[in-house]
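In what follows, subunit A forms one complex with subunit B and a second complex with subunit C.
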Partner chain A sequence: MLHKYRWYEYVLIYCGVAVFLTFVLAPFVEAFVVSLRPLSGLFSIPYRFITDDMSFEAYFSMWKNVPLLWRYMLNSFFIATVVTILGLLCIIPAAYAFARFEFPARNSLLGVFIAVNMFSGAVLIIPLFKLMQQYGLLNTYFAMIAPGTAFVIPTGIWLLRSYLVRIPKELEEAAWVDGAGKIYTLVRVIIPVALPGIVVVTITAFITAYAQQFIYALTFNSVNELNPLPVGLFQFFGRQSVVWNELMAASLVGILPVLFVYVFLQRYIVAGLTAGAVKE
Partner chain B sequence: MAHTAKQKDYFPYLLLVPATLVMLSIVAYPLIETFRLSFTNTGMSQNYEYVGLANYEKIMSRRFPEVIARTFYWMGLSVALKMLIGTFGAVLLNAMVPGRALFRILVMPPWVIPIAIGVFIWGWMYNGQFGMLSGMAQRIGILDAPFEFLAYKNSAFMATIVTDVWIGVPMVTLYLLAAMQSISRDLYEAAWVDGASRFYRFRRITLPLIIPSIATMALLSAIATFNSFDIIWILTEGGPRGATTTMIIDTYKTAISRFKYGEGAARTVMIVLFLGSFTFVYFVLLSRLAKRSPNNAA
Partner chain C sequence: MGELQLRDVYKNYGQMEVIKGVDLDVDHGEFIVFVGPSGCGKSTLLRMIAGLEEITGGDITIDSKIVNNLPPVKRGIAMVFQSYALYPHMSVYENIAFPLRVERLSNDKVEEKVNAAAGILQLTERLKHKPGELSGGQRQRVAIGRAIVREPSVFLFDEPLSNLDAALRAEMRVELAKLHNNLDATMIYVTHDQVEAMTMADRIVVLDHGIISQVGTPLELYHKPQNLFVAGFIGNPKMNFITVTCKQADETGIVVTLPTGQDLNVKVVPRDDIAGQSFTLGIRPEDLTLKPADATIEITPSVVEHLGIHTVTYSSVEGASNTFCALLPGSAPAKVGASISMGLNGADCHLFDENGLAFDRQLAVSALDPAEMHL
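Right after this comes the complex of A and B.
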């Protein structure tokens, strides 16, 4: 039939997949193997992938040698969570406006929001730095949360709008006929119905916020207790004597929350991330 | 409906207030401020003067054109590799073989994790004395001595690209996979009935129909790559001897490391001009595609 492969086609496909996935996953495997080896064993020549002195030692010693590791992880989590919540507060009403109402300049306004996606925090870093300095906001959580929020909004609006467009209009009209106010309708009728779409937006926003904390924290924050994980670990990424096994162990533990979220919700995430780049 | 018509005057604007406020304060105001600062000699102190186009003259006469060229070279190479590997991956994941659901899940991790942490891992792999890549290459016999990938101009340039490709490939793959899956099966069946080979079907059906998606994704990748900061900053900080200094890195160094906000702002304006033109092309592309094929635009 159409999708019946011959044996050599199977071999070719699986070999191709193996090569492709090796490229994608080898760094993770290598990081895990490194985290299991004692530091002295790492610096042995010639290079060996597996050795017999492997243990989970680094996963215990890292908490002692990186005393603030807990703080970094909690900070990362905290920043991403607040960004997500603030983002949703902006995204939900805006997406609703773009999905449901006719108003002058609607499409160009939507275009402007989408265009913001084309810029990154790195572009705005100078004036933001000056602005934060001026208002004494450097070295606060706020300095790391505000720019993050701005950059989850455009994708969020885009995603949620395309979901809301598909909800039948009759639903709101029925609520209005019953005398419900506009805001009441949004909160009590639209949001419950749109919950699956909101879940996608929430996950997408959280993962984005968790992934992109580096430059803001690096630039706007110099108080170690407030650092998120990437910048916290970056200090141990010095050129000369990096404690590689602990760095890899801490990195793997740090990505565990998102990997966990990903494995369980990957269906939604893939839908969200790919749709973020797509039109209707 | 009269009810809707009456109230629609102000309500949608009200809904847009929170998002607009955030955008104005975090994006619009800083952009305008950047433009203003680019005509000043702002530095560490509170006082500054307007210096006209001096900052722009400075960057044009120095090595900045070289930085622009390097940025485009870096971006072009990275995007080309992402599209190639991403298309390759999407074709494979689109094959109806046992295990494909698992393969699709396994593609995503580089994109899901914090960029900086993925880069730490690559930092280790590039380590010359003890890292995986040098070690493996020595085992196989490609290298006969340890090679410090990040210490030499060309290899550091390529190393940062490979890491950028690694982070970008999952997204490209899944996006193109989604595009391939939206192609109607009838087309393939008709071609199959006519005796068209698998490769012929790919070349004559799949490829033409996903070209718009490839173009869209290439442009989005280009924009993301142009903005890339974490990868280069963590691996090389723009070195060795400027070999990986892209426009973003150069701007950051000027403004944040050397406190020359005015000169940095002039560089940022250049970046905004480039990004603005990419964005323009993106919107033109989207509207063209929407006009041409409203129902199968990826």
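Right after this comes the complex of A and C.
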């Protein structure tokens, strides 16, 4: 690199990063601190960051106060996983088709996919509700999974398509000359080569699915056992008071699956997996 | 076994004609090289034979079976790509085995064939490596290995050496020639490098804007180019062209008048009623001599390249269409700005009519057939 930063430029850069990170991470820190305090100590004035009565008690008591908490977490994880898998099953072939095949209205179809993303899921809640009601799908996992899947597909196609068009065409031509069909080539050649791209799509899809369940669950589901975590957390909201410390503890524990998936998958985002395929 | 016929083959992309009626017969075991400047359609023609491009018109026949609408794998061909096109996530072994896996061959068979191919290509020690860990030459050998295991009747090479450095290219050229002898297979090879074409080909196909300009052995193309395009394309440095006027013609050749006013008897087969017409005289830089000859041209080099074995001079000469180039012995006393007298012999010259078509040269068979050659 030609330009090297001077020491004061480094200081400025790190200050900027620090301010940014503070804004992003402060709520998490506060949530964690709140989860450690007893309910009675939450609103003490003056505000003190560290107090004597801190403990991990809320992390144990929350399971007793909301007995189905583990079930909500599992539901959340289950719904997000199924949405991701179903989504990928649609995204990979679709993105491959958009990247490689010539067909009428290809570009306008891609545009339509982006346009779909401009609508928030909330806009479609009422028509979707009517639909689910008609087909008797309310209060099922399916009711929460299907719309979630539909909404991860367009972004996924766009992300993966841009990765797939960068894979050299000769790889497919070589496979075609060697007698491999389109599906065989997709499975044996394209998917392994596109793995880093697919991992990115998987992470995006999973996080989206994990975050967006709230609105579908709230509308399409009234069976307590099927609720995902965001809806389940409402049970910490009592008639008189909100059990803040347990709510925060449950929220933080609820983030763990996403973190787990992320850490597990990001090892597969290996730059330069195509090294050696063709001469650049 | 490995016969290939092209009959009046056409290819259009929309309105644009890329291949304009190509006829070609290739016998079993021949090494054919398609050569031509970029954009002449040589790669397209190869891809049409491979089945990667559709044919707009005409027939392609492999082993007396019309293959126009067959997928590549049913044509009995195997192709090696310019960019190698190796599968980066598979080991060398799996890369070579890929066509066999597609065929669903048993593991024993696969192993036997892959090991045989790896043996031929000296890749046995590399079988467990990934393509990313190999050098350019090794990658190209893997790509060739993937073609060999299918035991095709026709091998197709699309500029396979153009990504390698000069030393490796020379080495691979020899290896490919050996491979051709060992495999007893038909090979079609596309290149823009005329050295590759001249060194490896049994016959060269020179393509120019989608038509075959000439087909012939390397020496035929060198000594008897049928037109200006082939004359200018084959040979390095390029042939010099000078505009001349025909003075008279008889069975000993055509006498032409050079721009300097000298007469030169060019040893070609004459045609009727050509006196007074304007022709193009072709003389290869290496045929110019410092010794006394039939005619002389004064040149004043503007650039002189000393290559050790040769000295190359570039100068401008009256009547020459481009820079006039001469290839002289390394010891030639050539200096920039110093005039030299160059001799040219009528027997070495080529003559082309107004349409760029060559007059047939009166050449001894020994010039064209290596078996007849002597010093």
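Observations
Here is the rule we use: the second predicted complex is superposed on the first by the 229 of 280 C-alpha atoms of A that agree within 3 Å, B and C clash if a C-alpha of one lies under 4 Å from a C-alpha of the other, contacts with A are read in each partner's own complex, and residues count from 1 in each chain.
The rule is short, and it goes like this: a residue touches a chain if its C-beta (ideal position, glycine included) is under 8 Å from a C-beta of that chain, and two chains touch if they have at least 3 such contacts.
Keep in mind it's a predicted model, so treat the numbers as computed, not measured.
Contacts of A:103 after superposition: subunit B is touched, whereas subunit C is not reached. When the two complexes are overlaid on their common chain A, residue A:176 makes contact with subunit B and with subunit C alike.
In the overlay built on the shared chain, the residue A:168 is in contact with subunit C alone; subunit B does not reach it. Touch criterion met: A:111 reaches subunit B, while subunit C stays clear of it. Shared-chain residue A:190: touches no atom of subunit B or subunit C. Between subunit B and subunit C, more residues of subunit A are touched by B. Residue contacts after overlaying the shared chain place A:34 against subunit B, while subunit C stays out of touching range. Of the two partner chains placed around the shared chain by superposition, subunit B is the only one that A:13 touches, whereas subunit C remains out of contact.
Once chain A of one complex is fitted onto chain A of the other, the partner contacts of A:132 are absent, as it touches neither subunit B nor subunit C. Overlaid on A, the two complexes show subunit B and subunit C touching the same residues of subunit A, namely 173, 176, 273-274, 277-279. Those residues of subunit B whose C-beta lies close enough to touch subunit A in the complex are 1, 3-4, 7-8, 11-20, 22-23, 25-27, 29-31, 33-34, 37, 42, 85, 88-89, 92-93, 95-97, 103-118, 120-125, 127, 129-132, 134-136, 138-139, 146, 166, 169-171, 174-175, 178, 185, 188-189, 192, 198, 216-217, 220, 223-224, 227, 229-230, 233-234, 248, 251-252, 255-256, 261, 264-265, 268, 271-272, 275-276, 278-279, 282-283, 286, 289-290, 297-298. On subunit A, the positions that touch subunit B within their shared complex are 2-3, 5, 9-10, 13-14, 16-17, 20-21, 23-28, 30-31, 34, 42-49, 76, 86, 89-91, 93-94, 96-97, 100-103, 106, 109, 111, 113, 115-116, 118-120, 122-131, 146-147, 149-150, 153, 157, 173, 176, 182, 186, 207, 210-215, 218-219, 229-231, 233-234, 237, 242, 244, 247-248, 251, 254-255, 258-259, 262-263, 266, 269-270, 273-274, 277-280.
By the touch rule above, subunit C contacts subunit A in their complex via residues 50-52, 71-73, 77-79, 81-90, 98-99, 101-103, 130-134, 136, 139, 146, 150, 163.
Against subunit C, the residues of subunit A that register as touching in their complex are 168, 170-171, 173-180, 184, 188-189, 192-193, 195, 273-279.
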